[in-house]
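Across the two complexes that follow, chain A remains constant while its partner is chain B and subsequently chain C.
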Partner chain A sequence: MLEAVKSYAASPQMQGLSKFLRKYATSVALVLLLIFNFAVTPHFATMQTLNVNLTQVATIVIVAVGMTLVIATGGIDLSVGSLMAISGALAPLIFLSHFGKTNLALGVALAFVVPVVVAGLFGLFNGWFITRFRVQPIVGTLILFIAGRGIGQVLTNGNLQPFKNPSFQVIGLSRPFGIPVQVIIMVILVVVAAWMLRRTLFGRQILAVGGNEKAARLSGIPVAWVKRGVYAISGLCAGVAGLVVVAINSSSDANLVGLGMELDAIAAVAVGGTLLSGGQATIVGSLLGALIIQLLRYTMLANGVPDAAALVVKGAIIAIAVWMQRRNVAT
Partner chain B sequence: MSGIRKSFSGVPALSDAELSIGRGEVHALVGQNGAGKSTMIKILTGAYTKGAGKIEFEGKPIEFASPQEAQRGGISPIYQEINLIPFRSVAENIFLGREYRRNGLLDWRRMNGEAVELLRRFSVEVDVRRPLMDFSTAIQQMVAIARAVSFRARLVIMDEPTSSLDEREVAVLFDVIRQLKREGVSVIFISHRLDELYAVCDRVTVMRDGRTVTTSAMADVNKLQLVAAMLGRDLAAVRERSTGFGGPSGHAGEELLDAKGLQIGRRVRNANVTVRAGQIVGLAGLLGSGRTEIARAIFGADPPDAGTIRLMGKPASPREPSEAITLGVGFCTEDRKIEGIVPEMSVRENLTLALLPRLTRGGVIDEARQREIVDRFIKRLGIKTSGPEQRIRELSGGNQQKVLLARWLCMDPKLLILDEPTRGIDVGAKAEIQSLIKELADQGLGVLMISSELEEIIEGADRVFVLSDGRTVADLARDQVNEPRVMAAMAHGDDVAEPTSVATDA
Partner chain C sequence: MSDTRIAHGESPLDRLFALLGRHRVLVALALLLLFGALRYDNFLGLFNILTVLRYNSMFALTALGMCFVIMTGGIDLSVGTTAALASVVSAILSPMGMIPGTLGGLGVGLAVGVINGFMVTKLRILPFIATLAGMLMASGTALLLANNETVSVSYESGFTGLGQGDFLAIPAPAWIALAAYIYGSVLLNFTAFGRHVLAVGGNEEAARLMGLPANRVKFLVYVQSSVFASLAGVILASQFGAGQPAEGVGWELFSIAAVVVGGTLLTGGVGSVATTLAGVLLLGLIFNVLNFENGMGWISLSAYWQSVVRGVFLMVVVMAGPGTGKGLRRLAMGTKATVGPDGDEP
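Let's turn to the complex of A and B:
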């Protein structure tokens, strides 16, 4: 009996150590990468480098926030890239329409709100479909992954929509206090989502559903609604990211907006240390994961390594991250 | 075939178990959950390797390294979940892995022809070119048996073959078993339905706690003796009090639960249960008698197909656990790992999982209150943990169970359903949990307790409902409850109007 108590007392410390390693592995990797760049990469320590990297990573992080919540429930959302395309196609349709041109302020306001809401509704559809018909999430979201981009193309007749609308493009180009606006959006989303996951009923229920769905249901947690909620949030995040991308580009191309985004977001989540099987998640980890992938790519580009090689390294990083997760779970 | 004899030592799951089967014999293998039946079978068929002992088949010592090898050697298991491929045709399933070929191509004509012939031997006439999933479970089982026979199996193992069959299909299956017997094929028949054993088996081996308790001819044992052997009860001996329940409580308050005529799938056919405030009501029955299904139906986890449920004096038909919880019902499941704990979460979060909605203001958790409640219950139930933040999977079984009990107790429920509340936990924690249940009942909580341990039911319950094959066969008040009576009801499944006469003939 005494021995049993002792071993219980000892294991949390071991747990603490392993937890510490798991928690800070991504941070350590990021710091090492930064040190390497300060030493090697020319003109690295400039505001411009910082802004370039943050601007490029912002949309991935915004999508990864929603993706983290979905993955926390044990699901996955393949449709985010296509939802970005829909959102990106809708916005210029609204402010370029007759209504948008006659009511300038209202038109721009609607161009911000409507596409995001629509993307959120499509996300809700994902969740409804998955819970109603008990489909695997990878199959359930595959539907909009394919159809979503089609919808975006139909909306625009498959044409490129060029535009110049400074008040809309605030979301991609403005820099309050010298910080790109999408970076501010990114930081706000990360903070709010991390707080939500830790402190709110919804957040804890997300993790309980991912940790043991049967136990969650038998404890009275509305499992189906929790899932619908996270897919809706994932859709909303994709909607915002879609707006940012078209605003930067001054044009909307439903064939290209958000292409491959689902994989970038999943990679960020995986590298960040969130369990792909659900039940454990870290939003800040996903932010760090996205930063590592971004910085790695930048490092190689800035040092003349071809993009093709960069892709291989990106894959290797994901493999290492998943391997470390496995090892941590095993101990 | 001289028979099979195996003995094991040093393996915790099985110690000194043995089993011998004659040629052309239908041999029943029975025992409670965890008695070691499946381990035996898996060792025999090469799915597990044995720790020690020896296996002889047809006079020669054997040791199969894999189920495939066993199959080629003449031993074919047919599992509960039929392991065939539903999308492929009947003939393909029968010849899977050893298809006939002609000039390098599949010889369909020959395979289809032989499949038809094989099935005809068991009086099954189907289109063997249609996919397996088009047919009923019974036919699928026949196909599995035909496959086994086509391997020239000399020993077929059937693990609960009747669990998903209706009565007519069971009759067909029994004909097939008798046909196998005539052809000199031996059968190991595992089932929890005692009537079936008597209908089709020649001899029976009873296992308990990894040991072979007894082997005898079916005709030499009656049902009561079988149940007693499975539960480990000496019919003559009266045990001393050994649980933590203490004396009777006696007082019963208002009605909390009244379920009548419950029917759930094929497992539960006509079950009645009543619980009053301040009462511990025992639900007894063998494995597969429908105990857990009834609990899940009352809790709204799997709504019943027919029957009425009244909760807290009002008609209720919960379709989701959350609805039952709102009415004041709690449910501790049988399987802690699969349906109870969220392993990666802390003791604190597991304990308050159901309570959480009541601990929030505007969706935000009041962590101070949460911590206060968790501390209180850790102290009250004596949960041994390094602290509320320890992960629950690091706790011992008994302490995990206490956390799960606390999950419901902190909800202040009126009715608590406990499915095997003390399974798999050490003796000390067991007595603690039992006395806690008693204490709570004395304070007015209604408890519906499912248990495979007779002691727990007999000493703990104020009223006992006995289930047999999905039917409530006895409703015993505390002063009527004793081991022979409960066992008689479990064994015979009779309408126990005169339970005493049934008990005395044992």
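Let's turn to the complex of A and C:
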């Protein structure tokens, strides 16, 4: 209340400025971080810095795109990290198998397609389970969070799978036009998802379901199928991210691939300005959120702050960002 | 209530099935124990029981705190890293003795809980995000304090007695967990605070309008959850002889799973302390049974199967849902078609 009174008392210019700052808070924060880095961090304005940061953030953004859609329906997907582990475990199993070694091209093609499809099907299972048994998304996706990594570990017997397969590792290591390929994938996914959310029927249905599920159902939207769709997309995104991670590492370790990814992605979505209660979402915001978290960590590491301290700051930033958005909604 | 049901002509069998449905976690636990006892030689042996109790008492503590948070409709993701932080602090303080080590660990737990509670009630951040932030902060602090290494505890000061010692032939951690669950049961069932927790979880707005201190209740459950988590951390340090800053990953989701298996609804307003303990033991025993099964030599399942089995188990419990009692009764009615209309289901 008090803040509302204050902002009325302020001059029109100030009001305009504060409105602008609120609306573009994430972008402003990102720009401020960049300015700080250009001024302080040594060797910041190089292509290498750009590439390092973008490659590191790409997998989080790829997962966060699917997560944003899930959160837009008022849900959440805890299983993404485990689905990455499954996808990352499957790909080497395929191209290292006898079949993959005898049919090189087909083996690699299948190693791209099958893991992503499997992850998508697991995502579809999440959506089916949540809608069929009307369980809360946290509980519904907790099942595959627990079982999924186990499936990946059982597939590989918990062993590290090292490999060297240039035609598969295209997805993590190649650089068309000097841009890392996963960054291109990330940009395409962000553009397509943002377009879909704003301009297509499915996108409007997603937001309608998240805004008021009952009203959406009464107005004839196939709520269950919309939900299944977003969880399937989230699974597909996790599958792609899993492939990227193992391709970069030249090895697949089901114990580690995607560990903690669900929380990183949710943090990016939340910092980006998407409401966790659903009904309102911004894909570009999630991209910016992930970039802010990444850049913040890079800034601190490059300036000699230990990684553990960076973790504390990351936690604080997530809380502050969400707190500020909550105030925006309130005023 | 039960009297009117009898008046409607429910047979004792119906009531038995309804009872079994309500306490299906306990039934499942009993069945698993029976299965183990019949199939494996030393399953109910003293050594096995005590090992299971000693190890799972830590998860029992985090799940107890989580249970109260979930009953208010919230969630606490920070329990795992809070335990890690507490294990580091108590290991650092352990040369001063058991009491200072324990109090130090509980102190940082209190601090994390206050921060979580502040974020949820004063800043009004969603519990999921607030405790996610708390989780990262606790983890970072633990790693900073420990310099990214495990901190060994002092073996001279008696600190290790807390995790490794026995009292009346039962492991000390099991006593601590038992005491905590008695406290939790009393708190939930016999105090105003317990009723307030359920009221806030059931309908926060209504609770507020009735004049209940909703914010204070929520604040206190987060503090309580972190204190129980830090107690688990102190036991961790004492039991394994080291403060482990990187431990506790995934504890929060394991605890949530145990609470859900125990029949507490994530929507809040409903819950039980005793069945949460049953949930912890069920999930814990799955690993134990797997080990015994491998020991039989018929099959050889790697330890990795335990997460798959746990996941499937959680799935079955969730699928059964709150309506299992009715389902079982309907099943019984199907076989016994002479039962008349009992008033609530067609």
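The criterion applied here is as follows: the second predicted complex is superposed on the first by the 308 of 331 C-alpha atoms of A that agree within 3 Å, B and C clash if a C-alpha of one lies under 4 Å from a C-alpha of the other, contacts with A are read in each partner's own complex, and residues count from 1 in each chain.
To be clear about the criterion, contacts are C-beta pairs under 8 Å (C-beta built on N, C-alpha and C of every residue); 3 or more make two chains touch, one makes a residue touch a chain.
None of these values were measured; they are calculated from a predicted model.
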Of chain B and chain C, the chain that contacts the larger number of chain A residues: C
Partner chain(s) touched by A:A147 [first = chain B, second = chain C, both, neither]: second
Chain B versus chain C as contact partner of A:L50, first or second or both or neither: neither
Touching partner for A:I179 - first (chain B), second (chain C), both, neither: neither
Which of chain B and chain C A:A302 touches, first, second, both or neither: neither
Contacts of A:L33 with chain B and chain C, given as first, second, both or neither: neither
Which superposed partner A:V117 touches (first chain B, second chain C, both, neither): neither
First (chain B), second (chain C), both or neither touched by A:V170: neither
Residues of chain A contacting chain B in one complex and chain C in the other: none
In the complex, chain B residues that touch chain A: 299, 301, 320-322, 325-326, 331, 333, 338-345, 349, 353-354, 356-357, 360, 363-365, 367, 384-387, 390-391, 394-396, 407
Chain A-facing residues of chain C, complex: 75, 77, 119, 123-126, 128-130, 132-137, 139-144, 148, 249, 253-254, 256-257, 260, 266-267, 302-312, 314-315, 318-319, 321
Footprint of chain C on chain A - complex, ascending: 76, 78, 129, 133, 135-136, 138-140, 142-151, 153-154, 157-158, 259-260, 263, 266-267, 270, 276-277, 306-316, 318-319, 322-323, 326
Footprint of chain B on chain A - complex, ascending: 4-5, 8-9, 11-12, 15, 199-202, 204-205, 207-208, 211-212, 214-222, 279-280
